[in-house]
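Okay, got some structures for you below.
Okay, so chain A shows up in both of these, paired with chain B first and chain C after.
Here is the complex of A and B:
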């Protein structure tokens, strides 16, 4: 068995030598408890195609945050206001394994909040080409059920989930179908015999969420649970690979200075671009390994 | 021949007639208040009435053009059941509801759904920074906002109305929260439209709501999404929104004062006359 573990590591190009930076103390001085700078991500592990019963799946581990996303493609009818498009449905399940607070209905509010944010960042024409999910206008389309499972919470859920969703959509393959019409006008849907005859989604413009947590006078990306506890307000931006912002949201019970919002948006844009570039290379590399790739799975 | 009385005469599922209108036809009820060429910075005149519900601790009626909002506050009262409070801070619970008939087009389901949950959270996050919750240990404050008529920028109007209602309930606050809606119309190099009407909101490629506390110069709430825009353009929207809130603030302040010590407030061009 050959194990392939793909590692995305986004580090900012620092103008300071490492040793110099390590001497500085506190977030103010661009050094965090775990030794990162303010704009550094933790090491992320991304693996796609981890669950066999899905059309596409991905697992992302970002520090202690562990996310599993499964995409299932099902056939349905298009929405009446968008007759020639398919659509995506999101569901976020906060299982009690992640933290004891999610016991019972405790995780419901957080789950709805995350799902609503995902709907929001996908609710535009640019993110994903929904017309490719249409089979026959007004009658049949593909519905992609994106189910997010929180296996472990270690801070920065939004970012990790958006990376996992993007990876899972990249991995998604939908069987090709043809619509046959006979003389009487009745339609038949024919599924291709070849299981490898699939359509893939173009995820180039799918945005990733970058959460910037305000701590003191500075802001940090990819906050750990401890850092999240120190932060009163964060700004959540969704950034595409081209560096444009599709969603903007203030999270938390604090407020933000307008000037710091502008700074945070710039940081988000900068960090987002690097993140997208690394993610895209990693996903492509894994894809190129083809079917002979050995899966790492959950114990790797 | 007598028919079957138990059978409902009609299709199982009904649709709004607008569905069958030609695609280029826009009904008049959608374009109410819409002026194709307008000053991007114009704000609709507002009418405010504070403290008009008898059963609530505090309440406010807020009207901005065709948008009509009722906000009420109940509490502070002892938090019952649920999880034990963490720390000594009180809890602020917000509900944002739309009347089933508030918007043109098909009737909304009264249970609300996803959108109302999202807007309730946005309302809560915009109000919490302004309320001194540490002054209400173990207490529960409930804010409920009801949209009677949707004429665009409802979340912004809801936040404004809710903060007026909180002030009317004599809840200790750092500042009033004013909020403004913004929309970016389609087309090449568009300019942000402040306080969009319903039709402008429907057509927009980006929608944004900015909640702002003018005295402390802090943005307390921010929610926006749409087609990808450069960071500069978003920044421009936030800046325009905060300016709009600054202009709205004196009106809010005066009406709050007027309720506390009734004296006829002077009319300004940004206000409607008492209907």
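Here is the complex of A and C:
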């Protein structure tokens, strides 16, 4: 068990010159300030299909962190090096609503960092089947524009964003198209008349990011803002539902021992499997409620 | 290890029967308070179109002919005699700047601070150079408001043995309007922890010190806190957060009732929405019973 606690200590803060610094002393008990254990997440709320003019959307609330993701499917030309695949484009907007530091261009750096991380975790063959997004090789394919909007910042952004992206991709429905070929050889794309005739994406292997923050001698999952301020180094582990790691990234100015990196990876895989299982259950449950379910949206 | 994901549920309005007999007149910015021109305008109101209109969101208070609107969520407005908990942000020449969730940083003058050992003498140049040894940036202190400057900035003092630097504990930041004004803001709760309910919305929960020996104005920092104390403190912290989420006033009795109501649940479960509502409902019931 580990207790991470706020300590205002007489002599030990001398090495940190910043004003609002709090140092936590971790002992061997497993009790954080809000009573959670080191591997417990805060209570999360997920709702899909909240934005009507997107192909798929999701909103995730993890404690005080609020993320909205919208996916729009548009037709375009495939990339040169991958002619028979569609692709995903990520854009992260850190809104000034989240925290005053994001005013003006303050949130751009964080936005690019998150977007680059999302590109990296999806940058492998297994995560999402891009060949299903191809309409006709070298000519037409579906491009999924994934837009992430940070509504409120309450710690643990990467986790919440990856959960929201997975939920939004699950909710995405791409219209079915047929390519008709004329006698002259010119191709015409026909959209089906039925608006509910669409293909859904298989998000079984879409990874989720688990952030492990090192505080004292132990690491914690799902750090709040205060815990993040006390943690000098964190490890972002991107895990699929089967426990396969797709990406590993270290953030923070502190250093991490190779032993602790191994431990954190193991914790990340363990927690990741539980996270995927819970997410899948809730998405399935929401799907089963059907189109008549009560949508809470933003005014609930 | 647990991960609970759920579908959102629309919040329900509280049943009217639970409100007190005197209904509060709640307004939002732009609401008309009254069209009667005989009243004097107080804070939070302005005159427009022959009507008195509210400029902040809160409850209307009327004292004889004066109408003002007391905002629900606001910065702390200092008043002489208030107890505050603040964080040192800067160490300046003869003063410390303290952050107390108000519009301007509060000021703690070197002459308003107790020297260790309780000596009374004029502060010298050596004291000025040694300021950082007493309090440095990032330290938390409890102090009392001595005076309010004309621009609204607050001047603090720690001229009593019960004020001074705070040791180990947990800080919870809430809106200042939720802290009830009482005779004393330092409470030793029977559950095993002590709490300082700062008027500025900063609430400090710490383990009850065992013996009250000769206190040097709060410069001792106890390092080891046993697990049982930590659990009590975590539980109290979660209770405060749930009371604040349901917009209940914070004072020692409400805190104690909430703590007792939460004992049947695990500490980390208190923050779940349905358990939070249940606990606060029980607290409300007990407070109503106690009043009437």
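Here, the second predicted complex is superposed on the first by the 272 of 300 C-alpha atoms of A that agree within 3 Å, B and C clash if a C-alpha of one lies under 4 Å from a C-alpha of the other, contacts with A are read in each partner's own complex, and residues count from 1 in each chain.
As a working rule, a residue touches a chain if its C-beta (ideal position, glycine included) is under 8 Å from a C-beta of that chain, and two chains touch if they have at least 3 such contacts.
Keep in mind that this is a model prediction, so the values were computed, not measured.
**Q** So, does A:255 touch the first partner chain B, the second partner chain C, both, or neither?
**A** first
**Q** First (chain B), second (chain C), both or neither: which does A:37 touch?
**A** So A:37 only meets chain C here.
**Q** Give one of first, second, both or neither to describe whether A:266 is in contact with chain B, with chain C, with both, or with none.
**A** In the superposed model, A:266 contacts chain B only, not chain C.
**Q** Once chain A of both complexes is superposed, is A:285 in touch with chain B (first), chain C (second), both, or neither?
**A** Touch partner of A:285: chain C, not chain B.
**Q** In the superposed arrangement, which partner chain does A:198 touch: chain B (first), chain C (second), both, or neither?
**A** Touch partners of A:198: none, neither chain B nor chain C.
**Q** Determine, under the contact definition given at the top, whether A:113 touches first (chain B), second (chain C), both, or neither.
**A** first
**Q** Per the contact definition in the header, classify A:177: touching chain B only (first), chain C only (second), both, or neither.
**A** So A:177 meets neither chain B nor chain C here.
**Q** Both chain B and chain C touch chain A; at which residues?
**A** none
**Q** Per the contact definition, I'd like the list of chain B residues that touch chain A in the complex.
**A** Counting only chain B, the residues touching chain A are 15, 19, 83, 114, 117-118, 121, 125-126, 128-130, 205, 208, 213, 216-231, 234-235, 238-239, 242.
**Q** Going by the contact rule at the top, pick out the chain C residues touching chain A in the complex.
**A** Its residues touching chain A are 1-11, 87-90, 99, 136-140, 165-171, 219, 221, 223, 225, 227, 230-231, 234-235, 237-238, 241, 266-268, 270-273.
**Q** Provide the residue numbers of chain A that touch chain B in the complex, in ascending order.
**A** Interface residues on the chain A side: 80, 106, 112-113, 115-116, 119-121, 123-126, 205, 207, 233, 235, 238, 240, 242-258, 261-262, 265-266, 268-269.
**Q** So in the complex, the part of chain A that touches chain C is made up of which residues?
**A** The contact residues of chain A facing chain C are 1, 3, 5-10, 13-14, 16-22, 25, 29, 31-37, 39-47, 61, 163, 270-271, 274-275, 278-279, 281-282, 285-286, 294, 296, 300.
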